[in-house]
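For reference, the structures are reproduced in the following blocks.
What follows is a pair of complexes built around chain A, which joins chain B in one and chain C in the other.
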Partner chain A sequence: MQTLIDIVLLLVLLSDLYLLSSSRLGASIKVLAFQGVMLSLLPFLSTDMVRSPHAFVIAISSCAIKAILIPRLLSRAAREVHIGLEIDSYIPYGASLLAGMGVVLLSFWVARKFQLPVTVSSRLWIPVSLAAVMIGLLMLIIRKKAISQVIGYLAMENGIYVLGLSLAAQMPFLVELGVLLDIFAGVFIMGIILNHIKYYFDDLDVENLTVLKD
Partner chain B sequence: MTLPALFFFFALLLLLVSGIAAVACRARETAARRIGAVSTPLAGLMAAPAVVQGLFFAEPVFIDLPLSLPYGSFTLAVDALSAFFLLIIFTIASLAAIYGAEYLGREGAVTARGVSYFWFNLLVLGMTLVATAANGLLFIIAWEIMSLSAFFLVTFEGEKPQTQKAGLIYIIAAHIGVVFLFLLFWLFATNTGGSMDFTHFSRIILADQKTQSLLFLLSLIGFGAKAGFVPLHVWLPEAHPAAPSHVSALMSGVMIKMGLYGMLRTLSWLTMPLYWWGAVLVAVGLITGLLGVLYALAQHDLKRLLAYHSVENIGIMAIGLGLGVLGLNLHQNTLIVFGFGGCLLHVLNHSIFKSLLFMAAGAVKQELHTLEIDQLGGLRKRMPVTAAAFLIGAAAISGLPLLNGFVSELMIYFASFSAVVSMAKGVTALPLMSLLGLAAIGGLAVACFTKAVGVIFLGEGRTPAGAAAADPAASMRIPVVILAALCVVLGLAPILVLPLLKPVLAAVTPVTWETTNAELKKIAQPLIYLSLIAGIMAGVFMLLWRLRRRPLAVQGIQRSGTWDCGYLEPDSRMQYTASSFVQPVIDQTNWLLRTRTVKEMPQGYFPDTGKFVSHTPDLFIEKGYRPLFAAIAWLFHQLQWMQRGRISLYILYIAVALLALLFWFGGLR
Partner chain C sequence: MKLSALLFVIVSLLAAPLLSGWIVRVKALFAGRKGSPVLQPYHDLFRLLRKGAVYSKSTSPLFYIAPMVTLSALIAALCLLPLPGFGALLSFQADLILFAYLFALGRFFTILAALDTGSAFEGMGASREAFFSVFAELIFFLSLATLARFTNSLSLSSIFESHAAGVNYADSPALALLLVSLFAALLTENCRIPVDDPTTHLELTMIHEVMVLDHSGPDLAYILYGAALKLWIWSMFIALVIISSFPSPRWLQPVIAVAVLFLIATAVGVLESTLARLRLTAVPRMLMAAGALGLLSYIILG
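Here is the complex of A and B:
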């Protein structure tokens, strides 16, 4: 069980690093879906959650949303705005991968100092979730296209979800609410923001938004 | 829950539900206004058992709902102090609600009226919760409900630029105040071991004088911003004129007093006050009172004038409070009882005559569509009821004998006198100053209201609009008459309200019931004489009035223009204007007030047009707040290089801040 959890967590981390360094939108969306599948496995593997009805609720809802609904919405949005392979990063992809490594190191170092109120089933759990959050944040910072920023946001959201799962046995309701937040992000960001940016600027490059400043 | 508590709780629910109902049927605005007018008096009746129990029974009313937040709990307690303020809140709010139904019918957009009543009910609800909250967090939530609903009431006519400015100044002042309240309750909570329940606050014994003084100063600033202590008074003269009149009446009559409620509540926890707290309160009160009345003298807008008088009266209350605190420090029972007692009684009295004056001003405004004093005139003949009520209110607020304002000021005078007579050499300076200050404030207030009553109600009308003016409809007239009657009754028989003060004093101060009783007896005797003299004077007056009727009936009454001074063609423009009436006083204090005048004198042997304009801006806005806020704006302007308009960069800022926090709290420990 322990090894299985570690493998899943490492796959989550690797998929995050892929998202950070990849310029291919289609592949990124597929990796995000894969990450969603991995995340929906976690509630079953975590020892203190097994046989709880909440584990099913969380797993099934997160699978449906993170692995199916949001990737489909994303690929539809990508089709509509005709983005395939484009440079959309402020720093080179290689450098961003390096930065991602730094972030991973940092999160492992920070996690050692954390005093958590609960015991978690794997030692990787906290560092991976922190790294996922920070990589998502990094993507938000270095990417230019709104759609890649959305992917970054979702990656960050997944990190928060992993961190929340460590508390799921104590507060399952909180995690379920967190899953619902994803739906909100999906509808809100896809539907409204992308359409509006495209409508007003004919492009999804957030660079264009600089004209909005004072 | 006991029966009074249950009724009280339903009163709160009624306020909320009827407020929502008023919004729901805002399209049928007559129904909305009717709901608004009925709901507050009804809620007041339902709250009455709790008020009576709180005032006259030792056992306070408790309501404890199982709602809790970190540090917070939904606990309400109606003790004597709460009940005293609840009495004021519900009396004035009920009359204002009834008055407002008619008043709002002629103001603003049709659908906005129902919404306005929603905020009105919420303001009453917020004040009720403030007066009864027994938990720091609940208190702050209630305080914010009160402040925000007042903001929406003030901005009723939000399309006017003047109203927008007033709303902005009000909301800034309210928020600056609440920051200090947060600090205050947080500091209390750190001393109780993390509890914000008021029952714990009252039990702490702080040995540390510095912490105590800090708590006092925080409450002085936080609550002073709401009450309107100088220099935190600047929102009053902006917000009161902008709001509809029944709202000004409620805000000026009741809401600003919640600041004093907060101070009294805080002082009841700080059991060992220092001497300088009292000195600071008396000094603040004197400055507030004097500046308030001086600025009031210089105003040309009636409601702005009344707002400055609220500042003045808050000053008088602060003097009483300060004397009471001095008494606590010096263990002088007379000073405690009459300082706090005068303050409390003035809270009650001021709420009565100030709401009266604002409501009368509202009636004038709806008839003449202006409150510029120099555009009014001769209204006594057209609006006799309003004029009589305004005159009573004006005499009461000036502290003239036989009306209620005199009684509470007399108590504060009494406290000062007793301190001057009985105390050692070093400490008499302060009470002596408060004596002189009170006298000066009273004299100037008389001058100011002579101007207001004289220019507005006497003489001849200055504009054609005045000729058609008439007293308002009954539902606007009756609340004003009731308030005027209260002024007279409480002025003639002040002995009636002393029983109200006893339990409140017992709740706020450590003085025992017996001592309070014995001290209050000292003033009971003069007050009975006062009532007797008043009764005799009223009798003589009635007699003379009757005697006058016979010769008048024989001679007949001849009507002619007022004050024609021998001119053949007297003109209403020959009358004294408001500015010319007060010019002697204003000229002497011009070094302080800095009145700006624009003069174009008529020239030549056959003079043609001339011009005179005077304007008195608030010095604290001109010289204090405007430069301060300009400096802050300049400072933030220096940070504009950070605003690049690039979302990525903003997220980077957030990330850096988060990482810094992570290292600060997580990494480096």
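Here is the complex of A and C:
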């Protein structure tokens, strides 16, 4: 069980690193969906909540939203705004991977200092969730195109979800579902905004948004 | 104890070309051909050894000694490798540094000999070889650091004996990361397909092959044999990592080692038949990703 949790958490971390360093939108959306599936496995594996209906509902709803609905919305948005394969990062591949590894190191170091009120079922749980949040933040910073920033935002949210699961026994069930619904609505709205940005600027580069117009 | 280690070195020296023969066989089977016999590398080596060597007037004695230095560095590295379950012929504190640098020494002399010929193609190959080995060496040192850190020992023999002391890292997924990054380094160091194509016929695309274009006769035999030996040592290193990660009876370990060697050679053959070579600029990306996996395994285990 412990090993399975470790493998799932590691796959989450690896997919985050892929999202950070990859420049291909289609593949990124697929990896995001894969990450959603991995996240929905976690409630089943976590020992303290295996038999509760709570875990079941969270797993099913997060699988439906994170692994099916959101990737669909994203790929529709990508199709509608005609995004090519071009690299849209401010820093090149090697540097972003290096930054990602730095963030992973930092989060493993920080996680040692963490004093949690609950015992977590895997040693990797806290560091991986911290790293996922920080990698998501990093993506928000280094990406130029609005749609890859949305992916960064979702990766960050997935990290928060992992962190939340470690406290799941304490966390009210409605809060969890509310967050999922918010994310879904958020991505929905972002899809519409992406369309508008494309319509006005012919491009999704967010640098266009800093130029003033009357 | 020492006698069995000596026997291991001798068997390795004799059996090393088998691995490359098997890879060629796997590739032939994939392509639907019958393929050359597995013993073909031996025939090639004997044929080359019987021939005389031709030396260009523009080369210096360095060109003459380089293949021998490379081969002897590899044989020295082989002596440091512990026999699965029985210990190494030579072993001392921190011998893993020497182990890594013996490879570097061999490569350094191959590069020097390539530059010595003054050929533009060989210079280009040397530059690429040096460039890629920067990454491969980093990955190798990272994995050595991971093993050393996890087993708290600095000698190859004690690292690979550690399961006897109750250290067991097989149930950690970090081992898989370590093995993947080591395999990527193996492909790079041994000039295998995603990085370099050992059978290419176009000098412009060669990396390792172009560096040895001017060697002939016994010199070429040393180089070919050295390449086979290097593949053997790298595969054996991966086999040792696998063996030392879970407890198994001593007599079984050489059997597992042979099975792993066979598996690695098959995997290399399958990869070579199914994958295309990476674009030159994409190779560092792959190696950086492999290095990231190695670093991750260090972070998780350490």
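Following the convention adopted for this analysis, the second predicted complex is superposed on the first by the 194 of 214 C-alpha atoms of A that agree within 3 Å, B and C clash if a C-alpha of one lies under 4 Å from a C-alpha of the other, contacts with A are read in each partner's own complex, and residues count from 1 in each chain.
As a convention for this text, a residue touches a chain if its C-beta (ideal position, glycine included) is under 8 Å from a C-beta of that chain, and two chains touch if they have at least 3 such contacts.
The shown structure was predicted, so the numbers you read here are calculated from the model rather than taken from an experiment.
After alignment on the shared chain A, the placement of chain B and chain C results in a side-by-side fit free of clashes.
Taking Cα centres throughout, chain A sits at the apex of an angle toward chain B and chain C that amounts to 150 degrees, reported as a multiple of 10.
By the touch criterion defined above, A:Leu137 reaches chain B but does not reach chain C. In the superposed model, A:Leu97 lies in contact with chain C only, and not with chain B. Legend: residue contacts after superposition of the two complexes on their common chain; A:Lys66 is shown touching neither chain B nor chain C.
Contacts of A:Thr3 after superposition: chain C is touched, whereas chain B is not reached. In the overlay built on the shared chain, the residue A:Leu124 is in contact with chain C alone; chain B does not reach it. Within the superposed three-chain model, A:Lys145 lies out of touch with both chain B and chain C [touch as defined at top].
Once the two complexes are laid over each other on the shared chain, residue contacts for A:Leu17 go to chain C alone; chain B is not touched. Between chain B and chain C, the shortest distance over C-alpha atoms in the superposed arrangement works out to 18 Å.
If you check the complex, the residues on chain A that touch chain B are 90, 109-110, 113-114, 134, 137-138, 140-144, 149, 206-207, 209-214. Residues 171-174, 177, 284-285, 288-289, 292-293, 295-296, 299-300 of chain C are the ones touching chain A in the complex.
Chain A makes touch with chain C in their complex at residues 2-3, 6-7, 10, 13-14, 17, 21, 93-94, 97-98, 100-101, 104-105, 108, 124.
Listing the residues of chain B that touch chain A in their complex gives 640, 643-649, 651-652, 654-655, 658, 662, 666-667, 669.
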